[in-house]
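Across the two complexes that follow, chain A remains constant while its partner is chain B and subsequently chain C.
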Partner chain A sequence: MVRRRICIAFKAVSMSFHDSKWFNSLPTPKGDLEKIQRRGREYLDLIGMPKKSDEAWRFTDLSRLSSLFNLPFLLNNPTNKIRKNIPLPSSKFEGFQLVISPGFDPLESVDLPDGFTQLSTAELDGILGRTIDKCSCNDEWLVAVNNSCTYRVLGLRINGDNLPPLELVLDSREDAFVATRIVLIVESKTKFDLFQVLLGKNNSAHSHLLEMHIGSDACVNHGWLARGTKESGYFATLAIEQDIRSQYAFSSVQEGWSFGRLEQKIVQESGYASTALRGLQVSKGKEQIVNNSTIRFDGPEGVLDQLQKAIAVDYSHSIFNGSIEVPRIAQRTSASQLSRNLLLSKHARIDTKPQLKIVADDVKCTHGATVSQLQEEQVFYMLSRGISHEDAMRLLLKGYCEEIVRTLPVSGSRWGVLSNLLEGV
Partner chain B sequence: MTSSNLLGELVSKPYKYGFVTDIETEKISKGLTEDVIRLISSKKQEPEFLLNFRLKAYKQWLKMQEPDWAELGYPKVNYQDIIYYAAPKQNQKKASLDEVDPKLLETFDKLGIPLSEQKRLSNVAVDAVFDSVSIATTYKEQLAEHGVIFCSISEAVNEYPELVERYLGTVVPCNDNFFAALNSAVFSDGSFVYIPKGIECPMELSSYFRINSGDIGQFERTLIIAEDRASVSYLEGCTAPMFDTNTLHAAVVELIALEDSSIKYSTVQNWYSGNEEGVGGIYNFVTKRGQCRGARSKISWSQVETGSAITWKYPSCILQGEGSVGEFYSVALTNNLQKADTGTKMVHIGADTKSTIVSKGISAGKSRNSYRGLVQMGPKASGARNYSQCDSMLIGDQASANTYPYIRSQQSMASIEHEASTCRISEDQLFYLQSRGIGFEEAVSMMVSGFCRDVFNQLPMEFAAEADKLLALKLEGSVG
Partner chain C sequence: MINPDAELILEISDLHASVDDQPILKGVDLKIHAGEIHAVMGRNGSGKSTLSKVLAGHPSYKVSKGKVLFRGEDLLVLEPEVRARIGVFLGFQYPVEIPGVSNLEFLRVSTNSRRKQLEVEELDPFAFEELVRSRLNLLQMDPIFLERSVNEGFSGGEKKRNEILQMALLEPIFSILDETDSGLDIDALRIVAAGVNELSKKETAILLITHYQRLLNEITPDYVHVMGFGKILRTGGSELALELEKSGYEWLEEESVSPLRP
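Then we have the complex of A and B:
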């Protein structure tokens, strides 16, 4: 199997987001990307930073968000390519790996495996921003930020049913702001696994935007691991457009971010599609981790099965907003959403808001939410079988996390997700 | 005819309380200024503390913005085009019912609230409010024998000023929100209930609110205080005539429950909801909040919301006392172009507090029915528990049902459970009932009634039957 690593070196443009020169100092791209960049900047000029009064930002620690934009923006320096010290797992991987960063063409001198082709600039011009439009998130602040910063896009067309799993590692840099953008076109009847890993560094910020169009009858198993370290921040928007009869399974794990925010925008375009969402967010120390998901059914007989879990300890704050929109056209939709939260410390906080917006009448929609400690009965059961309190807690937490972690695509297992998660909980 | 057409027809029966009473009314001129507030206060011969309370609220209101987060999309209200005080012309508050204008008595008779002695509802004391003033309160003397005070708030301001001053605005401060501030500045009448220590109120208390004039705003204010070990059940009903303009109703209700006391507050709201094109109807912007101050106290809200063009209402409980209990049972039915944004807030402050929320929303026609609620566990609410259930039923494919539950927890030893579901009147169930000889309308009625049973079970006997009938009536013409 093919195994590739592409690594890039950077130089930093030392200006802050609050300085209008910050954006203007970035390279100007060509084609549609230039228009997108201009539109994003105009929007940000008009709107400014988010406010507490905006529903989408009510619970967010805005000072923390703001501090991310004090970091200098990172530009690549193509003349100085060096292997960087990225903590990639050493275990064997039967797939294709790309390590990408902003502005740099990660496909340079790389042989893509069969079934994967790079989108040309002309192709990108027709496609770029289309999924964002379909998902009605052009006016989202985080999308506008990414629009404003991005001047290079990685675009891939994926076609086939015997494809190697694709692992995309999104690297961050210490003391710098990084923006990355990816467009994936998954052709009809294609089956493939995608695993994205976003790694934080000390005092780093990362803005990521993924647009993925899933063709009819295609099947995508998508994993997302966002692993931060001290004082690292990230915000990502994953815009997914599902065509008729497509299947999309998404599993995410977020941990270790001083400020972490994942926005999922999914639209089932023509119905008869299915979506399964699994998410786990673990917050420790003074971290704030947010997971927002919006799914809209624009056709009949769509299916959604969503389970979102959170563990909050120490002084951390975990937030989930889940929205299900079922317009009139989406008859016979079946959607269920469950938000389960464990609040394990005296000073930690959990906010959860599962929402239903329904117009169609022939639908089955349910949602549920729980916030609690570990069940006393379960702990007692283990204690009565001679397991120590600490081991019992650990075992229960492991079981709690495993329900999500085991749904990550195959390559997820080599990142030691579970052991890392439970450290310090 | 398909069952959905039949269902649609079933929901749209004419509003039977839409008549206007032709009675001479004293009105002040339109608009809201400091002078208007002073005028209302002087008309009611209020003590200074109340005037100051009103003026403070007015100053706050001027600085506030009308909330638009519920996205109800109603046209902007011109607050200077509203009459803030209107009262049927009477020289003085009547000493007995015999002196009350017979037209007024007749009005309440027609509404099914007989006030005259022979026809009174047994075991229910009624305070009848017409536009801005209270017309009559029945069974006052019998209640007084038990030490229970049940009168209009204007009367209480003059007769029990110390009680009013001590409690008014303590649960809903005058700057709480835009509509509460407006109400605090201009409130005209409403009910006052005081249950002394250890007293179980011997009969159901009830207020009936009637808007008669088309250009006035009704701003009633209700204050209920249950002292230690006291208990009371209070019912509220409302209707209005059919006008093709919108009428504003901005009420504030404050409940205070002290140690081991219990307050049960039930509402059947049947304001005029506008016609099929959405012309006319009441804008119902209400702030209702109860505070369980004492340990083991209990506040229970039950509501059946069928009327109003716009409903913006979130009866809430502040669970402060250790082991206190809050309950919210609601049925909200919307039809045609009605919009209802209603729900509750359960704020758990004390340890071992418990709350239950059961909300049933039924949307028909092109209406929008939203449940918006908050469950919050404060840092000291160890052992607190909440259970919420929000179910929606959709009738027709143009109505919308939304659920926005906000859940916040800052206490690891608290537990919150929330569940919501959406369904419709299933063809199979309808077929089953019809195949057993039950008529279509009756079958739908039975299914809706079954859907709402958890809430109806919580209503006082007198209201439960009425609510069931009201729902069947409202649904006429929309199901099918």
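Then we have the complex of A and C:
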């Protein structure tokens, strides 16, 4: 009955949803997450597909976005239990790895190390959606998509200061649309390294949503590697809630997606916290890669240090929107945002937009954005040392990327991030 | 060391060059033989640095007339990286910072480019590290410089030492040192000058570009040239530098333009 009602509404608002394989393959809302599924679908029912007139989607190739919804949704249940071709690195890892793959329970036959405990259904019921609410992104389209098709949530509580790094591998499936959702509660004074790797497959789509609450005085070093392949797409929302005096460092690398979109939503809820954001988008061919970040300071003396980089070649398109909100309560905030971009082809395109909303009067906020080619003086300096033009470009691009890649958590190094990034640039 | 029979390393004839359509060099003539050290002095804007950039092949500088022969071959038709590989070295007045590129890797790639040209075996990272550490001693440099990005966060003096380190590794035939003394305190100047003297051989040549006599107290030139109005106005021995230190450039410039005055 509910399904029919949504179908009719979609028909009125957006034919593409109604006709999409994704929509038609969604199971009827059910289970512990039924309420969330319904909420997501009702929102999509009302809004339909994003439109160019929406500021958040102004530069997006909406036809490419729509095409991802022509893939059938793959329910994460045992009948889909076929795991294959997950390119995990073979080098030794001194941490703890969980692979989230369609059809598999990531915690099946896994002993969680000391300091990690699984959240119970009752705990999840009280926590799920809380950080999204705090980050004011409950009404965002990508969140609604994930809500609509969330049938399983990985929830972990993390507590301690001598923890092994956690590596979370998010797998996709060829010719299918998958969704993953994670909730992490990082307790007060915990020190913790998290490295998430999202892998695309040919003709795949992946919707991911992370909610992480970082307790007071806790310190989290978070890495994000989103590595796509041809005709793969993903969109992820990372909602982060920082308690008083917490430290959060986030480094991201996105590459290889026909369409990739990362939304970071961060709120420093009580002030005196610090956030360091480092991001790198590398787009080739006809790829479109988006990185949007929003940070809101809901307390005094918060700190933000942000550096976002992009390299665009061929006919690709890279987009960055960086929003900083400093309400009246956030006195003595210190925020700096720099967007540095390399446009290496006359057909490529880069759009970068800082947005500062500052109400507090005693703050220090700086921002800057550059779009350029490789600096002629740097190239000449290398040539004047006998280095070939090709090697000079390789060294300069490597150096450009290295500034971000080296900030990934330690386990990032075993994924061959740099060599992969520079292939074909 | 002047030896009239020594190989002619560099021959510049009636060289005219411009940058951004602004003529800067207006007829430079200069011959440099193996074993010689030449100093070029002159006011700001006289064309000294332009000459160095033109010789190194900077793409922003356009040669409109004249020729430059390096060991008898036309230098101007060669790409900058080829000039470097055959033994032309420019020590930059303002060495460029390259964030993210390790100094060690940069030095290794450039050294191997030169070694390839010389048909000497290229060095793997281990063998290169051994070589570079021996050269670091020459300039009393801390090995920590190797771990940092190229020139990033280096002081002015550290950058200049890094330039001479590159010279020591590349073993050029002809080195142009553009205001290597600027930004150096007196102790650093002596260390850098000692390094340059050590690297000066009877089969190589050096062109020093400087404003001040103090560098020439440490590195004795065989010839001193004064540039003005885009050409060489006067050539002399090291005593010319002392005269300039005492009397400035004005008398020389007046002397060179006076025949044109009515």
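As a working rule, the second predicted complex is superposed on the first by the 383 of 425 C-alpha atoms of A that agree within 3 Å, B and C clash if a C-alpha of one lies under 4 Å from a C-alpha of the other, contacts with A are read in each partner's own complex, and residues count from 1 in each chain.
As a working rule, a contact is a pair of C-beta atoms (placed from the backbone, for glycine too) under 8 Å apart; a residue touches a chain by one contact, two chains touch by 3 or more.
Bear in mind that the values here come from a model prediction, so they are computed numbers and not experimental data.
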Once the two structures are overlaid on chain A, check if chain B and chain C clash or fit side by side. fit
Touch check for A:377: first (chain B), second (chain C), both, or neither? second
Tell me which of chain B and chain C touches more residues of chain A. B
With both complexes superposed on chain A, which partner does A:402 reach: first (chain B), second (chain C), both or neither? second
By the touch definition at the top of the document, which applies to A:385: first (chain B), second (chain C), both, or neither? second
Examine A:349 and indicate which partner it touches, taking first as chain B and second as chain C; both and neither are also allowed. first
Give one of first, second, both or neither to describe whether A:357 is in contact with chain B, with chain C, with both, or with none. first
With both complexes overlaid on chain A, does A:130 touch chain B (first), chain C (second), both or neither? neither
Now for A:328: first (chain B), second (chain C), both, or neither, which partner does it touch? first
Which holds for A:189: it touches chain B only (first), chain C only (second), both, or neither? neither
After the superposition, what is the least C-alpha distance between chain B and chain C in whole angstrom? 13
Given the complex, residues on chain C that touch chain A span 56-60, 79-81, 83-85, 89-90, 92, 95-96, 98-102, 105-106, 109-110, 113-114, 117, 149, 166, 170
Would you mind writing out the residues of chain A in touch with chain B in their complex? 55, 328, 331, 341, 343-373
Interfacial residue positions of chain B with respect to chain A in the complex: 69, 377, 379, 392, 394-424
Could you please specify the touching residues of chain A with respect to chain C in the complex? 375-378, 380-389, 391-392, 395-396, 398-403
